[in-house]
Structures are given as structure tokens and as C-alpha cells.
Amino acid sequence: MKDFFVADAAKFDGETITSFFAISSFSVREKKGGGGQYLALVLSDKTGSLEARMWEEFASAMETCGEGCFVKVQGQISKYQNRFQITLARMRLAADAEVDVSDFVPATKYDVSEMWSELRGYVDGFSNEDLKRLVFAFLDDEQIGGAYREAPAAKMLHHAWLGGLLEHVLFLVRICRAAAPFYPEVDADLLVTGAILHDIGKVKELTWGTSFSYSLEGQLIGHISIAQGMLREKVKTLPDFPEKLRILVEHMILSHHGKYEFGSPKLPMTPEALLLSALDDLEAKMQAMRNEFGRDAAAGKSGAEVTEWVRSMERPLLNTKAYLGPE
Amino acid sequence: MKDFFVADAAKFDGETITSFFAISSFSVREKKGGGGQYLALVLSDKTGSLEARMWEEFASAMETCGEGCFVKVQGQISKYQNRFQITLARMRLAADAEVDVSDFVPATKYDVSEMWSELRGYVDGFSNEDLKRLVFAFLDDEQIGGAYREAPAAKMLHHAWLGGLLEHVLFLVRICRAAAPFYPEVDADLLVTGAILHDIGKVKELTWGTSFSYSLEGQLIGHISIAQGMLREKVKTLPDFPEKLRILVEHMILSHHGKYEFGSPKLPMTPEALLLSALDDLEAKMQAMRNEFGRDAAAGKSGAEVTEWVRSMERPLLNTKAYLGPE
Amino acid sequence: MKDFFVADAAKFDGETITSFFAISSFSVREKKGGGGQYLALVLSDKTGSLEARMWEEFASAMETCGEGCFVKVQGQISKYQNRFQITLARMRLAADAEVDVSDFVPATKYDVSEMWSELRGYVDGFSNEDLKRLVFAFLDDEQIGGAYREAPAAKMLHHAWLGGLLEHVLFLVRICRAAAPFYPEVDADLLVTGAILHDIGKVKELTWGTSFSYSLEGQLIGHISIAQGMLREKVKTLPDFPEKLRILVEHMILSHHGKYEFGSPKLPMTPEALLLSALDDLEAKMQAMRNEFGRDAAAGKSGAEVTEWVRSMERPLLNTKAYLGPE
Amino acid sequence: MKDFFVADAAKFDGETITSFFAISSFSVREKKGGGGQYLALVLSDKTGSLEARMWEEFASAMETCGEGCFVKVQGQISKYQNRFQITLARMRLAADAEVDVSDFVPATKYDVSEMWSELRGYVDGFSNEDLKRLVFAFLDDEQIGGAYREAPAAKMLHHAWLGGLLEHVLFLVRICRAAAPFYPEVDADLLVTGAILHDIGKVKELTWGTSFSYSLEGQLIGHISIAQGMLREKVKTLPDFPEKLRILVEHMILSHHGKYEFGSPKLPMTPEALLLSALDDLEAKMQAMRNEFGRDAAAGKSGAEVTEWVRSMERPLLNTKAYLGPE
Amino acid sequence: MKDFFVADAAKFDGETITSFFAISSFSVREKKGGGGQYLALVLSDKTGSLEARMWEEFASAMETCGEGCFVKVQGQISKYQNRFQITLARMRLAADAEVDVSDFVPATKYDVSEMWSELRGYVDGFSNEDLKRLVFAFLDDEQIGGAYREAPAAKMLHHAWLGGLLEHVLFLVRICRAAAPFYPEVDADLLVTGAILHDIGKVKELTWGTSFSYSLEGQLIGHISIAQGMLREKVKTLPDFPEKLRILVEHMILSHHGKYEFGSPKLPMTPEALLLSALDDLEAKMQAMRNEFGRDAAAGKSGAEVTEWVRSMERPLLNTKAYLGPE
Amino acid sequence: MKDFFVADAAKFDGETITSFFAISSFSVREKKGGGGQYLALVLSDKTGSLEARMWEEFASAMETCGEGCFVKVQGQISKYQNRFQITLARMRLAADAEVDVSDFVPATKYDVSEMWSELRGYVDGFSNEDLKRLVFAFLDDEQIGGAYREAPAAKMLHHAWLGGLLEHVLFLVRICRAAAPFYPEVDADLLVTGAILHDIGKVKELTWGTSFSYSLEGQLIGHISIAQGMLREKVKTLPDFPEKLRILVEHMILSHHGKYEFGSPKLPMTPEALLLSALDDLEAKMQAMRNEFGRDAAAGKSGAEVTEWVRSMERPLLNTKAYLGPE
């Protein structure tokens, strides 16, 4: 069992710890000025990652361990150029029974079961029976539903953690439900159906084990078209599903990125598609802001100044509440 | 008093009517094949416009009337190429006392006083006293407040009618208030302040009399920078107004178009600026959709097919509810 | 039976003809200077269209005929402002038995059966049995195969005629087969499969009756995604069809427009997808050139000068061979 | 007092010097191969910066000094990989009385008083009394005028030195005055007013102490809108200042970046705004060229070849005069 | 000899005039409501163009005259829809001896000989003998020099009149000479050489007879590359012309449009190329402004309001001096 | 004579070799932790490059050798961080007689003479005698023809090796000849002429000695305009060469990059120019794919996964044949 996490390094400065990690990077380097080799590693768990050095007696470790392995190590925590690192005295491959994979990949901070129940509750409340059976056909599909509860929403950017897809969808559904009454043109059930299914292709686009990545199908087809294919196949299994609804849901999936250059083959043409696309974009941007503010807070910044340049948003940001300070 | 409106032409097909109009277009043309001249006019009121022809005895009318005048006419309604027109028997300049300008320019279909009260009510509820006195300083300013209740929100596109600015702002405030609770980073009073003041420059950018137009200052400075100047001047009159709040409100005004190419000199950098910009854009697009669907319905289309290409949105649209039909 | 075609108008200048046409445009206009109404029409057949006027006795025609109808007319051909027109003496609705729809819509000048055989022959020669059965599953599908032989390739631009889809595909397949040997990275069967299936969605995107148009599904989903859906459904019916081939063919369909802004949700990432996309684009552009040169030749121009500005290519063109003249 | 400057390192190669510097970068590093730590620093003054290493006895220095501090050091100059560096024997915090800040930040090479006089002289010569009192209201404003003489024109790019704003403005005014007579549409006083005030917002956008940075207001509002606000406030203090002139000056400020994507909320619409924007852009580009040529010359290059790729101009450059050589 | 010009129509309202014109547009139309045909023409001279109608006895005119012909006409001037037109009583082909082509195409209002002398004078003053003989090799080339004095600078936009090329170049040379002293990096002789030769390709790109057009070579090669070719050929004739100067002049020609999307195959990389490109662009824009203001003044507008949208500049404009009014 | 090549390092792991190299990078570094200096080098030959270190006795080497020199070295091969390096015991400048430059720069793997013959054979087969003598005038020009057989086609991207220009052209000519028969509008001799001459400017744009670079003329003029100039000069030497052919060939050269933003001053307007531009782009992209797949194979990857992101194509790639595996 793992009882030291990277995020706690500050509490152990100067101490020797024993714990389990995943190896994110592994290389053998030559000591400068001669004098042999050493191991340079990056060790990770779900809370972050740590540079590690092993200067001596690493022959056996070198033979058995490598990138992606889980290892048990003993070493001393120290601070170097303002970052913690660990100098290893011992390292060996961990046995499967010793590690719980959930310790090593980031995960949503919300309860998956509760989120799942809340989401299903909204579908239960649909007055449109066709859309209700369509959405449940996905959620009740053992394979899809299971993956839906686990999948991250991205490899790196917003919601890049286990359960991130469900978390993103639930938050989006909530704002969709709040916004729909202001637009009489919008069919709320249809909108929520779009919100629940728009990113369903991510269960096949992404892979998640000890790290997050794109599947080959994800790279060649993309989650938009994967989702469209899944919709087509699912609809085939629903007797007498209205063709018009199939087209409208399919259109929401295809257009939800809102622009051609973001990989949507169609622009949003219906009220629901337009609203979904706008709110999905808003959710992603507000979440990106939240990440930046959280990162600054974690780094001990007060938030009273603007952040560094945020590449994904092409601007720096300002945390209003931190800037205004306590009232 | 005006008792015939353009929108009612169908009810008077073939009949002779007497009413008042504004002249939108006025020209003298030569009859084809020789035989003298005739008057070709476009007559307007707040419900639309109508082609008019005067074939005889228009010498006196020609001398006294012209573009922008209000006139009293008598003529016969008929249909030509699927559109109604009117053949004039008589036309003379209207006396000021005979016309009520509000009959001739389009106006919001909502009650201005009720909208105004609702808006003020939201401000009354602010917990931030500084923002409350700032917003009321604008609303209670006789000149600004009066113009705010009258101004259209645009010359041609969305909300191009008297009261359109207030209507647009109120709808935006409502969705802002509904969305804010979903984003804990957002200061709701600040957001609503931004929503109420973001377009305040339009009271000087636009002119509205018998038609809508841009003022010279509107064209050279633009409503964004006009609003910023108004904010600066208003803040000067408020003792001890916090500089930080001034900067945050000014930033929302400057960034609310969301992109440089739409004339915003700054991109939204705070949670409130980002949310305001996104919801303002959403409101405008949903309103544009509503206009298109309304136009199709007015033209007697069922809505079961996609609309014509909509230039401002660079795509055709589909009215979901009309397409799905009555449930 | 139709024995006068629009393209032959010059031979009948000043004569009275009797023939069948489709009505492309229909309106009632008032005679200038008063004196009642007349009918202004555009009459079409597969070879072009002709302005028509009916000055007298059109009451019964007006009641029974309209846009999209087939009519039998009698009238006199004349030339007005360098274009032929027809002054109608008589017009009545045509009976179904009197018209052969193929007289009224443009069609490929190649023999459909021969093209179909040539195309099937190439598939017969595939060494990859899986791709062979996939393609034949489409071609032998009665509904799809039938539509494939009829469909135009576009509403207006290149290959906008019956059989245009098949013609476009066949020409593309030929150049693909010629180019493949120069690129050892390319699997020729896979490339030809992509060429045959890339536009298959057009059989549902377009409608063709008396004119060409987009279906509602075509507008909301688009032929790229329709094709992808058709592929998914067809593959489901083929036992043990290799998943890898499905992904590769799907990728070619999704990426064949080559750029996001042209509606492709993926960029070409395989040698076959890249080659297909490049040659499809080349075919379309060379065909557009051919159309321009043909249009100029039809208008009696020598071709020794550059053409007018061609909007779809954003430049004028020069017909080299016409410019150089006979050798 | 500081008697060694970074730019003179070559004269002291191998010698031991004692001098004052600002610390631009400060870090503690571990010696490779073990054996303890050392200090890695970058030391700067107004003429440039120098890598420094302190291998021994830096405990007390480490405790008291850090980034942004002024220090007194003793060390030996040497050359490493073609660049000079310094190996420190001693380092301590400098007392305030020991340092003159102007030794540590780059400054204009021109005399500020002379530039100021020349600029005022041009205003004195205005025939338009309103513009004259407007500009002097800024220049004579103690706070603004003082900052105007000190401020850099940018954080990093062109004119990033103390007095850079004044220097940039003066050079721009000169070329404006030279160009105006060629364009009879241009009001020269108005043009020069625009040149003097266009960047006035930089006195609040930038901060300058031991280094240059952006203020929070600078980042959220930007120098264009800050300048507009300053103009509005200043005009309020001038009795009967003509509204038309206020609009024209405001327009020049708002449009001087020339394009929306460069942060101008308006495009130049008057002859003066167009000319100002073009010449401002020209000045910036010619100054960027000058910097590149100067950098190459400082690096000992002959200038007979093109420079490296210049990122800000997206191209490499060629110094014509160096290329042609002495005549 | 021509003694009535289109620009003087107002003075002849209602009168019958006899004069010569070029036919810009010629068509035979049918009278509405039957009753035969009439001629609809546009007649032009260097001061403008005029709609013309010939209702009777035009059989002989129709046989002999056509677009591009010079004709002698007699007719009555009248005003229709605020524009003058002429009703023709007689029209016949003009004999060559009767017309002076210079009456029919717009021409510079400056004296060509004086402009030519001024330009040559600047070259005479070059201190660089190589550049002097290069430029004179062009100006003294009988064919090139002659065309240079006649050519327009464009088909339609700025300086679209005979002598426009020379006029544009001379104005550009003047501002170049004024600006050069402010940039010590700039070789003034080289800059002026670039100004004189940059558009030399227009003498072959454009054709000018009774109207302005593009030559086939102009369309396929363009004036930039034509100029480059002319430079290469001319340099071949100059013994020992320095290769470095050839490259620098060639670079100015190739880069003077300043951007790839404006057809420049190279961006300006030398001080002279950058300055030339900036000032050439400025000249074109100021001239476009001047045209707009002139057009408004000609239409009797006061200039106190902004102009209509100017397509080539993507904005409306304001004539400052007219707006401010007489001082 | 060179008998060890970088590509063979694996076979010599741990052994001492003696061989010749070009020095690509040369620097003196200080040993970490003090203790003097060492030499850090990169040694190259046509098969690749190798990091080298010289720790001792390099004083004489340091004085005589430098970047760009050919050296003879003795040293021991070892592996460090998965890459081979060499620790030098001895190094001295090589004598001219000892090195064969062709050992040090990458070169085409095809036989230059055979390629040259094949190319000339195609020209021999032209039926157009004018084009034949034009192309031979280039190929038979001793200086141009010689350079043509040697030149690389680029500094870094596709075909960046000696003979690369000829190889690229030959492959392009082959696909041009295969494609031409499918487009009856295309004059095959003209197309092939364009293919052979389109990049001829590269013989002056690039320099190739011990490494590849751009000449100053290449940077200021570019290979497109250089080629155009060469064409002009060559045509001058051919009596009675048809002007029309000169324009058509010149147009192909100027437009072959296909877009303004790629440096083409003209868009392809003729069938030959369009086809040439499309096939040239295709060749470059397919070659870029080939390079990526080759690089992955060289790195021991199976090719069953997508490649890394390929910057020049803005996407990752998939090697279909490797992905599908052996049949």
C-alpha cells in the first residue's frame, strides 16, 4: 500500500521514505568528468511527479525496471533548485499485488456513483420517450456505460483525469438545463441528449491505463466521427426510432466543436446544436481558468496579479476574487 | 391618427385606404415607351414597408414631399409579383400634429417600464454597494437613463428596434444570473454590472429618429470606447470608488466582443469577462435564429425545411420544433 | 416526345415551335404603363433554359401550371439582347405520359452501363478479397447501386448532371490506378476502394428529380459523415471484416476533402488518404477548367484570351491549346 | 560607484574586478558527480548581462542576496564558449547609498532635456491654439510629463529602455512633420498631436524600476484605452475644447495600431490617422532593423550576409550598407 | 473637334448638343408593352459617361456602330432620376480625322514633360554612377521611356488614368527623398532607383487605347515579374554593372507589395525595400482617400459626414478638413 | 580513404576506430566541478553525425581545426543514452588529398548518369521542337547542367541531398507523363518542360560544399524568380523562340508553388500550370511521408502505430503497409 504521495514531499524534506511509484522516464547517464554512470528517473503517482537519481548499485534495477513499470523504492527527499527530488538507495520492480493502479493516475474528486445517478435522474425525467430510450441504450450498455464512468475527457488539457468525461458531461448538462428555459426555440430533452452523447466517442478515442493516450482509431477517426458511428449502430437496435430525431442528435454530435477548424464537419444549424456548442466551449474555458488559478494557488501565489501567459487561451488570466481579496 | 398599418395590407387587398407613412425612398421616373413621368416611392411604418406608385397629378406632392417626410396618402392596395403595393390617388405632407413618430419606427414588443423595473430590481439586490451606486449612477442619470430606455441595439441586425438595447440587456442579465451559480469563480454582481454597462456606449453610437443610423462619433470611436469613456467620467463623480472595481468593469466593456477582429482591444481575462462575452454572443446568435424563424413563418413557410443561407451566420438554419412538428 | 431542345434555338430563329419544357421560374407581372398583366417564365430542358413571355390568354395556364411543372407550349423563337427567347401563344400542363424526365435534366455524355462495367472490372481485379467484397457489397446493394448510377456529383459545380457521380468516380479511379505504381507506400486496392466509396454519401446528400438539390439530411449531416455511417452499417453485414481495413477506409472517407475548412474532420494521415485527397482535388479543378473552356467555346470565343474571373478558383484561366492555336 | 560595466568585459579578460550588479537570475545547483553545491547567477547592468559562478563560501551571500538585489562582487573574468563569465570570490548585498539605479537599467543614448525641448518647440509652433493647449496640458502635467520623460516604449521589443518612449515619439514627430507637406489633406498640427499622444498610455501600462514590466491595468486595459481615458479626463479640464477635435484626436489614439488584430478597436479613417499609423509602424520596423544590425555588429559580424531569422518580422534581414561595403 | 464634355452636362440641361463620344456599351432593346425596339447606349469621354437612348431611325447607326467606336451624335440633354442622359436624334461613325483620342480617356492633370524633367533631375543628382546609368538606361530606352510617360498605374483603382504611372512614381520619389534622411541605414540613391523602377512592369502589364485593360502577359506573369525580367535584360546591356546592386534592386522590385498575399514573392529584407514598400502602400492609400473625397465633393456633399463604405479600404473615411470646416 | 561511416557505429561498439569526418560543431567547454577544459564536437559524414569528446591533449587540434574542417581522428566508440558517441584520443586536420568530399555530404542513392540519361531521353521524344531546344539549352549549358546534376533540392526538408534536385525532377517528370494522357487539355511537352525547369533556380539559390545552405541571392530573390530570370536570359539566345511559349513556361515557373503564401507571385491559370503545381506538391508530400517512415524504421519502430507529430505536415502519419503487416 502506498502511504507517501508526491504532493506531500514538503513534509518529508530531508527524510528517507519508502513508497511505490510509476516510472515516467528512465535513462542511464554518464557522470560528468568521468567516473561511470548513474540512473536518471522521473517517478510519478496521481498527485504529481518527482526527479530521482540513483548513483550506486543500480545494475539489477536497470535490468528489470523501465518506463511504465511500477516500482518500490527507498530514498531520501531533498530540495534542488526549488524543486523536490529523491536520491534512491534501493529500487525494485513492484509485484502486481502490491500496487493499486488508482494510486497512480489522477481521478475526479467527485463521487462517480453520485454523478452517475444524477445524470440518469435527468434522463429519467425526459418527457420524450424516444430520446429517453436512446440515452439509456448507451448508459445501460455494459461496455459503453462502464467506460463512460472511467474515461478521462482529454489526454492533457481540461478534465484529463479518470472520471473526467463524466464530470465534464454532468457539469455541461447542468448548465444546459439552466439555460434552456431562456430559449423557447430549444427542446430541452434534445439538448440534454446532445450534452450526454456529444463526447461519447472519447471512450474509444482515448486509452487510460497507467497513463492517458490516443488510440489508433482515435487518431485516424476522431471522437466526433466515432460517436456518430456509435449513434448509428445504437439506433439500429431501437425499433421504430424516429429518423428525424436521429438526424438531429447526429447533427449535434457532428457540429459540437462549433467550427470547421476545430474538426467539426458541420456548423451548428439548430437551436440545440448552437446552444450545446456554445455551452460546451464555455465549460471548457471556465475549467481551463479554474486549472490555472488552482495551479497558481498550489504554487503559493496570491492571485492578486495576472497569471503567466496561458497558451491554450492565448492570453494571461486574472482571478477576480483573489485580486479583490477578502471582502 | 394612423389606423392602417403595412402589416395589415392583406386584409385590404383591392380596397382604397387613407393613412400616414414615412417616405423611405422617393424618385421620379419616366414611363417606359414615353408618355411622361411618375412617382416611385417606398412608404414605411413600424410594421414594414410598401412600394407605391403615383401616375398622375403629383406635381404638388413632388414639390413638397421627399425622403424622410411624413405624408398622408389615399390609394388602392393591390398585389404584384406576390407583394402588396399601393397606387396613390392623393398625397400631401402631414402636419406634425397628425403623426405620432412611434407609429413609424419598429419598437420592442415588451413593456419598457416593466423591463426597466425588473432591471433596477436586480441592481437593488446587489450586495456590493460600490457596484450598486455605479450602476444607479448610470440608470439615474436623466440623459443616459432616458436614452437607455429608447435606444435600439443595432442599426440593422439583432434588436434593431426602439427599446432593443434595454430588451437585449435584460435578456442577457437574466441568463447571466442563471449561469453565475455554476461558476464559483464568478462574482455575480460584477457580472451583472458588466451586462448592464457593456453596450451603454450605444446610446451615443446610434441615432434614432425616423430611422436608425450611426453618429459620427459612433463611427470614429465605436460603442466600446464610448462606453469606456462614459465609465471613466462617471467614476470620477463617485467618491472613493475602488480603483480595482473600475479596472474590472472597464475590462469587461473593452473585451466583451471576445475577439480582436470584432473590435475588442482586449481579450476577456477574468471569469466575469469571459462569461459575459460568451453569453452576449450566445444571446445575439439565438436572437438571429429567432429572427430567421420568424421571417420564414411570416412568409408562410412551415419550417420543416432548412432556411435560406443566413449571411450573418454563414450557414442555413433549421427550426427544430417546426421540423419535428406538433407532438 | 420532345423534338425541340433549347440548345437548338438558333436553328429556329423567327419560327414557331411546339415542344415540352420544365418551368424553372414562373411569375405574373404588370405591363409597364398599365394595360394589365403578362406571364414571365423561364423554360428549361436538359440542354439549357430560355426566357418566355405570354402576353395574352394565359388565365387557364396560370391556374394549372407553376414552377417545377412540365408543360407543352407553342410559341415563336426570337432574339433579344443577343439571347433567344420565346413568345408563347399556347401553354398547358403536360400529361405524365407525354414527358420523359431524362429530357429535362442534364446527364452524363458517357454510357452509364459501360462506365459501371469498367468500374466493376477494376474491383474484380482486386487481390485483396476483403476490400473486393466490401466494395461489391455497396455496388450490388440494389438501392445504393441504383442511386450510384444515377446521382449527380454536385448541385451546381463540377459534374452537376445525372450520372455525374459515377463519371467523377470512374475518372478518379483511372488516375488513381495510373499514379499508384509511382508510390511504393501505397496499397492500390485500398486506394481504389477509397476512390469508389469516398463520395458514396452523395446518393443521400443530393436529390435529383426535375432539378438537383440537397436533402435535409445532406444539409445537417453532409456526404462525408453520411458515407461514414453507410460504411459502418455495411461492414456490420460482412462477417469477419478486418477492423484495420475498416479504420483505413473510414479514414479515407473522413479526410478526402483534405482540409478542416472544407469540412473534413480529419487530415489525410496515410499514403492512400493523401494520394486520394490530392487526386480528387485535381480532378475537380481540371473538370472546372474544362467547364470554363467549354462555356467559352459555346459562347463562340476563340480561347486565345484568358477567361473571365472564375469565382470557384479565384482566378481567370487560359486554355493553352486554344491560345497556341492549331499547330 | 560603479566603474566596471558588462560591455567592457573584453578589456578585463583574465583580470579580477570589483563592481556592482543587479542579480537577474539566482539559483543553487548541485555539482555534477557529487561534492556539494554552487551558486549560478546572472549579473546585469545597463550595458548587458554576464553568467557568474560562485563555487565556495557562498553561505552568507545565499542567505542575504536574491533575484532583483543589487550586490557588490569581486571575481575573475574569463571566456567560456565564446562568452565572458565571471567566477566570484566574494559577494555581498550593496547598500542603497552605494548604487545609482541608472547604472543598472538601459537608457536612451540621447539627451532627455534636449529631446524634451525639441518636442515642446514643435508644439509651440502649432497654429491651432486648441491643440496647443491640449498637448501642453499633458506635457505640463507634472505626473504625466515626468513619467513621459522616463518611460520605456516597450518591455522587450523596440525602444525598451528608459527614455525610449520620448525617443520614439520624437523620431516619429520628425518624420510626421517631414511627410505632412506631401499630403494636402493632412492637418499637420493634428497629426503631430496624434504622434505625441498616441502612446501616452504607456506611462501607466508599463512599470520601470530595476526592470521593465506591465502593470495590472496595462494588461487588463492596454495603453490604447488608457490613453483614451487620459484624453477624456484631460479634455474635461480644458474649457470649451472643441468636441470635433476631441473626437479626431481620440480616433487617432484608438486606431494607431492600424489593424484589429493588433488591438486597435478602430481602423484609421482620417488622413491624419492613416498617416500616423503608417509612420508609427514604419518607425517601429526601421528601429527593429537597426537593433538587429547593431546586435550583429556587436557580435563582430561583418554584415555582408543576411542576419538570422528575425522572429518579430518573420524574415531575415540584410544590412545594405554593410553588404555593399565602403565605397 | 469636341466641344461638349460629359462633365458639362448640367450647363446644357434641356438643350440639344452635337459632339463626339466613345461608345462604352451598346444594346438593342425591345420597348416594353410591345411596339418595337430602341438603342440603349452609354457614351463616354475622358470626363465621364452618359446614358443615351435612340428611339427612332437607328437602323443605319446600328449597322455601322458598336462598342468601342467613336461616334458623332446629336441629341437632347435631360435629367432622369437625378442623372443626366441624352436622347439621340442622330448618330454616325466618326472619321479618324475627326477625333483626338486624348479627348476620350482620362489623363493626369499634371504636365507630363514637367514631371518627366523633375524625375530625370533627381536621377541626375545621384552620386552612385552605376545606379544613374541603370535608371537612365530605362528612361532613355525609346520604347520603355515612351510607354512610361503614357501608361496608367492601374486598370481601375488608384491612378487609373494616362500618365498615372509617372504621376504615381514621381509622388513616391518625392516622399522617398524626404524620408530617407531620417533613416541612416538607407542608401537614398538605391531607394529612389527602387521607386522609379518598382512598377516599370506596368508598361507591359497594362494596355491603354480607348480603355485600360490587362495584357495576356500581364495576367499570366504580372508586373512584378515582368519588371524583374526587364531589369535582368537591361543589366545585361550595362558593362560591369555590380552584381550586388543588381540583386538589391531586383529585391526591391520583388518585395514592393510587402506581403505574399499581395503577390510579392519575397518580403522586404533591406532598409530600402522596407521603406519603399511602406511608402508605396501609403501613397496608394492616401491617393484612394483623395479619390473618395473628390468623388463626394463632385457629388455635392459637404464632407462633414463620413463617406460611404470604401470597399478597397474596408472602412468608411472622414475628410478631416471638410469636417472641421473653414477656420 | 574513409572506411568507417557513422551509420556503422553499432558494429564497432567499444572498439577504437580511425577515420575521417567533417566537423559540424566545435566548442571548448569547461569541465564541471573545475579541472580544466575539453573539446565538444559533432563529427559528420554523409551517413549521419556523432557526438565526440576530447578530454586531453587537444591544444594543437584546437588551434588548427574548426567548424567545417575535415579531420582525421582516432577514438573509441561507446553508447551513451542510447546514442553512439566517440571519445577521441587523436585528431588532426586532414590534407585535401586524403578526403573525398562525396564521403561527407548525403547524396542520392540513384545513379546520376542514369537519371540524367532518362531525363534527356524524355526531352528527345518531344514533338515540339521549340520546347526541345529550350530544355536542351539548359541541360547542355555546361555550368547549369553540371550544377543541375549535383544540387540538392532543399537545405533541410525533402530531397536534401546531392543529386536531390535531379532525383526530385525525374520522379516528377515520370508522374507528369503518366498523368497527362488523362487530361486532354494538357500539352504533355509543355508540362514536362515545366517539370524540368520549375526548380532550375535552385542551382543558384542553394550552395553545397561540406554542407547545404542558401546563397545571399537565394535569400533575397528566391529560386522562383531566379529561374524566371534564367529563362529570360536563355530565351534571348534562341532565335525566333515563340513568345507564347516563353510566356507559358514562365507562368509555370512563377505559379508552381500554387499559392501566394508559398511565395508564388501568380496562381496556376493554365492546365499545365495547374497539373504541375498539384503533382509537385504531391511529390513533396509523399517524399516527406517516405522520410518519416524511413526514420521510424531506422529507429527500430514497427510502424504499426502512428508516427510522432510531423511539423511540416501539421499531423502525425500512419504507414499503412507496416500497420497492416505482412499479408
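Per-chain residue numbering starts at 1, and chain names A, B, C, D, E and F are given in the order in which the chains are listed.
Basically, a contact is a pair of C-beta atoms (placed from the backbone, for glycine too) under 8 Å apart; a residue touches a chain by one contact, two chains touch by 3 or more.
What you are looking at is a predicted structure, and each value in this text was computed from that prediction instead of being measured.
Fewest steps needed to get from subunit B to subunit C, stepping only to touching chains, is 1. Across A-D and C-F, the chain pair carrying more C-beta contacts is C-F. Distance from the subunit B centre to the subunit E centre is 43 Å, each centre being the mean of its Cα atoms. Distance from the subunit B centre to the subunit D centre is 47 Å, each centre being the mean of its Cα atoms. Separating the CA-averaged centres of subunit A and subunit E is a span of 62 Å.
Residues of subunit D found to touch two or more other chains are 32-33, 216, 219-220, 248, 269-270, 306, 316, 318, 323. Here, these are the chain pairs in contact: A-B, A-C, A-D, A-F, B-C, B-D, B-E, C-E, C-F, D-E, D-F, E-F.
For subunit F in complex with subunit C, the touching residues are 171, 174-175, 178-179, 182-183, 185-187, 190, 244-245, 248, 267, 269-272, 274-275, 278, 281-282, 285-286, 289-290, 293, 306, 313-321, 323-324. On the subunit B side of its complex with subunit E, the touching residues are 27-30, 32-34, 216, 219-220. Residues 216-217, 219-222, 224-225, 228-229, 232-233, 236, 247-248, 250-251, 254, 260-266, 269-270 of subunit F touch subunit E in their complex. On the subunit A side of its complex with subunit D, the touching residues are 31-33, 35, 55, 80-82, 305-306, 316, 318, 323.
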